[in-house]
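In the two complexes below, chain A is the common chain; its partner is chain B in one and chain C in the other.
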Partner chain A sequence: MTKIKWKSHTSAVMGMIFLLPALLVIMYSTVIPFVWNMILSFQKWDGFNKPSFVGFENYITAFKDPLVLKSLWNSVYFAVASTAGGVILGLLLATLVFKLVGKEGSIFRLILFSPAMLPTAVVGLMFVFFYNPEMGLLNNFLKLIGLESLTKVWLQDKNTAMICIILVAIWKCAGTIMLLCFATMQTIPETLYESCELDGAGYFKQVRYITYPLIKPMILLATVNTLGTQYKTFDLIFTMTQGGPGDLTYTIPINMTKVAFTYGNFGSAAAMGGIFTVVVIASIVLVRWMLRGEEYEY
Partner chain B sequence: MKKIINKVLVALLVTSFALTGCSKPVEDPAAKPAETKTEEVKEPEAAAPVEKKNIKFYGKVVEYTSGPKMTDALIEKMKDKYNIEAIQVDWANMDKVIRTGIASGDPCDIYNYPPSNMASFKDMAVDLTPYLDADPEWKAQFEPAALAAGTVDGKILSIPWESNFTVVLANKKMLDDLGIQMPETWNLEEFTAVCKKIQDADLFPFANATDLGRASWMYRNAMLSTTVSSGKYEDFTKGLLPLNGPEAKEALVGVKSLYDQKFMYPGEGAVTVKNDEIKAAFYQGKIAMMAEIAAGAKVTAKDAGFEVVPVPWPSMGKEGAINGGYNGFFIPQNSKNIEDAVEVLKAFTSPEIQALHATDGYIPANKNVEITDEFVKGIVAQAATLRSPEDPAYTAMDDYRNNMLIPELMLGGGVEDVMKKLEEFRQKGQVKK
Partner chain C sequence: MNIKKMKLSEKSLIMFIRIVLVIFVISTLYPIIFVLLTSLKTSNEFYNNIWFFPKEIAWQNYQYAWVTASIGKYFLNSVIVVGITVFVSLVLAALAGYALAKLNVPKADLIMLSIFLLTMLPSESIIMPMYIMTSKLKMTGTYGALIIPYIGWGLALTIYIFRNFFKTIPMEIIEAARIDGCGEFSTFLKVVMPMMLPATATNAILLFLGWWGELLWASIELSTSSIKTLPLGITAFVQSSGTNWGPLCAASCIILIPVVGFFLLTQKYFIAGLTGGAVKG
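And now, the complex of A and B:
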């Protein structure tokens, strides 16, 4: 018994030793900057002179600033909508390619995953041209099929600007979610589908009663991961609209960057970051609660 | 047993990697001269080699064909005294890079930054006035207006190295085909008449980008024109002119009329159009005239595939005026090599290196450098109406003019709202003083 205890103790110590470099990197790149950012949020600092403690002033100013509230709302709207759309589309695509075997399946998966491989700034610039009201693909296509009345200035119209960016984000993230769900679907035993087929269930009933419940943990993981990523989005929105026109597509990351590096107000930017962190954590907790459920072993 | 041996071997491997990374090179004892007890004739001590200082120069502009040439020439010129690290300028993130560098406590010794925006770094930049006064020959190389552009509260914080201002480039063939003759100057009425003619031919008369800080050009040029015309230019440059007065109204109404009449490419989407889109449309022959920065004009003209000519910027008031200024360098106060940075600056702004800039078709700030390129001469001729400085826009106001003014003018509250906002900014700026 003592020998077993000693062995497991040794394993634990060895594990910690090997984790130590990774832990140091995480501390340096994530934990320490986070703590420093929280301290900075209670200070007034221009990046050059000595910081001065101002208490909750930065937070009060942030809550009173309509631009901060607007950008917070835009961030939440963008993140939730693009995550929901990405997960639904990714799941649908995974369902459709699941039954494709051999080379056709590989080719489809490659094509559908390829948007995720493109650099975000390139995607943003590409879609600026796509949405261009005069020479853009979208408006010209609508004109070609006789729907000229539907042509718009997509990135300028207050009803469509944010939605257009959200659609681009969905296009970009759906492929990754598709692959994650597809990989998990592959682990489901074939016998479950066979017995379901014997009971007379078609493909979509099998997907509804077997596949989706069994891959729910992966759906939760993909959703939480995507939500966190979409909240952080800066490059896509910046390349497409720079947060404009006006403050129409202004998000917290853009606001923070501007306040810190253009206005030289690092304390206020840190306070925005603090508020944003709380919002993101709350969103993730809410998503986890909504997608809670049983986990099955098979 | 096997597992324990494997674990030990792996641990040893990891430890050896870690130690290798931390180790110092071992001195070769054979390289050391053997000590002898015999007396040797002492040779006179050779002069100790001069230790070269490291200078970080954030001023390599790769967008210019002359940029790498100039920095290479600088490195070569100063190689005996300095190891100069020439860092590429990231125009889109310049503020971010500079503030991060200064905040880190280990900034670059020299930063490229527009002199007209130096107010946002006035507490962080070295006052170069004593250095210029101590070297009259260096000072005399620059136009007084060029040094004035980088002067804040009486202190020269920035040294100009190139002249830059807004120009309009036109598709000559398009204008010739439409029978349009370019005047020496033109006011809003004349410009509108020409634009209507172009528009009737199903083309877009004019284009101005809303990114790269260009969105404010329309307003800024209009304000310069109206204030110069009304004799209020001096008040305007001191921030004393109300920005909700007749000059501002005339300027904003004029700008708005160009957008309202759909003269601005691409019509409805002109409020959000990017420079890349404009260039593409210009090259495709869809736009007659486009706004451009003087420094980039030659490259734009060269890539067009048709003849491109500079034309005057339309004036909203009776007299024409365009905004512009310079690109310049400043030295942060927490640089570790201020004196050396000044010496490097002197070398970079010397006629020898600035001539490389002129040879490639750009406009150096050193007035002793001759420009020989005919196209560039035509661009420089447009600077006849150049007015610098403008009103002292601090950061928040500058940001509003660049990012919010045109959208609010066209999609938001219109002229009245914009004037109200600008006046609020102006008054806040006065209070800050």
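And now, the complex of A and C:
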């Protein structure tokens, strides 16, 4: 008995040694900068002179700055809209693709998933091209089918700029959600469907009453993950509009990097980062709470 | 009769699903194919023939992008940065994941959870001090300034996938090796490592795809440096060359081709890993 105890003790020590390098790198790349950012958000600092403590001033200025509020709103709007769209589309695709068996199904899944693996920066450029007013695919397509009146300068128009970017984000993220939901659907025992079929329920009824309730935990996980990713919208917006036209697609990441690295106002940027962190975490908690509910065992 | 009717409606349902999915497939693939086709057209041809295949293939677009716009140089930079990042991440995460799954580290679940929560922090609240730290350590503009943070930021998911995988290895195998006199390290090296190819492949792909296109940190860290990674190089190219679509699309294709190739070669592992880690078994 004591021997076993001793053994598990040594393996725990080895475990810590195995764990240590990873923890050190995480410490360096995440913990220290995050704590520093918190401290910095209470300081005034231009990057060269000695920083001085100013209390909550950076936060107060941030909340009074219309551009900060605008970019905060845009960040939330973008993240929530693209997540909602992505989850709905992903779930729909999973439902459809689930019915196709064998090679056919796997080819569909592979293609529909493919946007997820493309680098976001390149996706952004691709769609700049897609939306381009003169040479772009979209306007040319509209002309081709005789809807020339609908053509627009998509990314410069104040009514469409944000929506166009959101659609790209949905285009990119739906495949992952589809795949996650699909994989969970496969774990549902066949017998459940069979009994449902005997009761005379069609496929979409089965989906509504059996599949969706059973894969709810995965839907929740996918939603939370997607939301977290969508908040980091820097690449897409940076390559597509750089925050323009005007401040229309300005988000916190864009605003922050400008304030810090163009204007050298590190304290304010840090405060923005702090506010942003709270908003991101709050919305993730909110989503978890909204999608709460019982889990079914099967 | 009834069964026949059901069979029929099942068939028409599948047909309906096919049609809907084909529409989605077209809208997924067409933008990508369009970029590919445009990369092979001279700008003259592009303006006259937007939609279809090029009549003569304009390889000079690729040459222009690769040499004149230095995309080739950036490509090499990206290969170095991402290559080292992936390799070191795999080593660190495999060790850590093994420790959290199989060695009796106290509070393993709590440690995993805290690592995960740390990655939930938006990078916006990290990058600025990170920039100051790298410049204080005199690393600004070096490969290390990209590689070390990339490793740290990607570790949580990598450790998680490894840990889930190691949990599926029966404890008996490890105990047997221990009884045979293997130390923890040689158990890991000789018994566990040969088994972990699937999880390693999954992680390698996820890491590669994640960092190959990273733009935010690269654009900040390398803003004053002559070193550029591929995504950064392409964005700079766009901003300098405006509407020179042919070479631009060629440059985009250069960044896409390794991704697509890598993905197609490894999609089995990729999809298994992506879903295996998340689905309860």
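Please note the rule applied: the second predicted complex is superposed on the first by the 273 of 298 C-alpha atoms of A that agree within 3 Å, B and C clash if a C-alpha of one lies under 4 Å from a C-alpha of the other, contacts with A are read in each partner's own complex, and residues count from 1 in each chain.
Please note the rule applied: a residue touches a chain if its C-beta (ideal position, glycine included) is under 8 Å from a C-beta of that chain, and two chains touch if they have at least 3 such contacts.
Computed from a prediction, not measured in an experiment: that's the story for all the values here.
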item: Fit-or-clash call for chain B and chain C when the two complexes are aligned on chain A; value: clash
item: Touching partner for A:257 - first (chain B), second (chain C), both, neither; value: both
item: Residue contacts with chain A in the superposition, chain B compared against chain C; value: C
item: Contacts of A:48 with chain B and chain C, given as first, second, both or neither; value: first
item: Chain B versus chain C as contact partner of A:266, first or second or both or neither; value: both
item: Partner chain in contact with A:14 - chain B first, chain C second, else both or neither; value: both
item: Which of chain B and chain C A:115 touches, first, second, both or neither; value: second
item: First (chain B), second (chain C), both or neither touched by A:88; value: neither
item: Contacts of A:36 with chain B and chain C, given as first, second, both or neither; value: second
item: Which superposed partner A:129 touches (first chain B, second chain C, both, neither); value: both
item: Which of chain B and chain C A:247 touches, first, second, both or neither; value: first
item: Residues on chain A lying within both footprints (that of chain B and that of chain C); value: 14, 18, 47, 125, 128-129, 135, 257, 260-261, 266
item: Of chain A, residues touching chain C in the complex; value: 7-12, 14-16, 18-19, 21-23, 25-26, 28-34, 36-37, 40, 47, 93, 96-97, 99-100, 108-115, 117-122, 125-130, 135, 137, 140, 171, 175-176, 179-180, 182-184, 187, 202-203, 217-218, 221, 228, 231-232, 234-235, 238-239, 252-253, 256-257, 260-261, 266, 269-270, 272-274, 276-277, 280-281, 284
item: Residue numbers on chain C that touch chain A, as the complex places them; value: 9, 13-14, 17-18, 20-21, 24-25, 27-32, 34-35, 38, 46-47, 50-51, 92-93, 95-96, 98-100, 103-106, 111, 115, 118-133, 148-149, 151-153, 155-156, 159, 178, 183-185, 188, 209, 212-216, 219-220, 223, 231, 234-235, 238, 243, 245, 248-249, 252, 255-256, 259-260, 263, 267, 271, 274-276, 278-280
item: Chain A-touching residues of chain B, taken from the complex the two chains share; value: 7, 11, 14, 93, 95-96, 99-100, 102-103, 120, 123-124, 210-211, 265-269, 271-274, 276-277, 280-281, 284, 286, 333-334, 395-396, 399, 403-404, 406-408, 411-412
item: Of chain A, residues touching chain B in the complex; value: 14, 17-18, 46-49, 125, 128-129, 132-135, 153, 155-156, 158, 241-248, 257-258, 260-264, 266
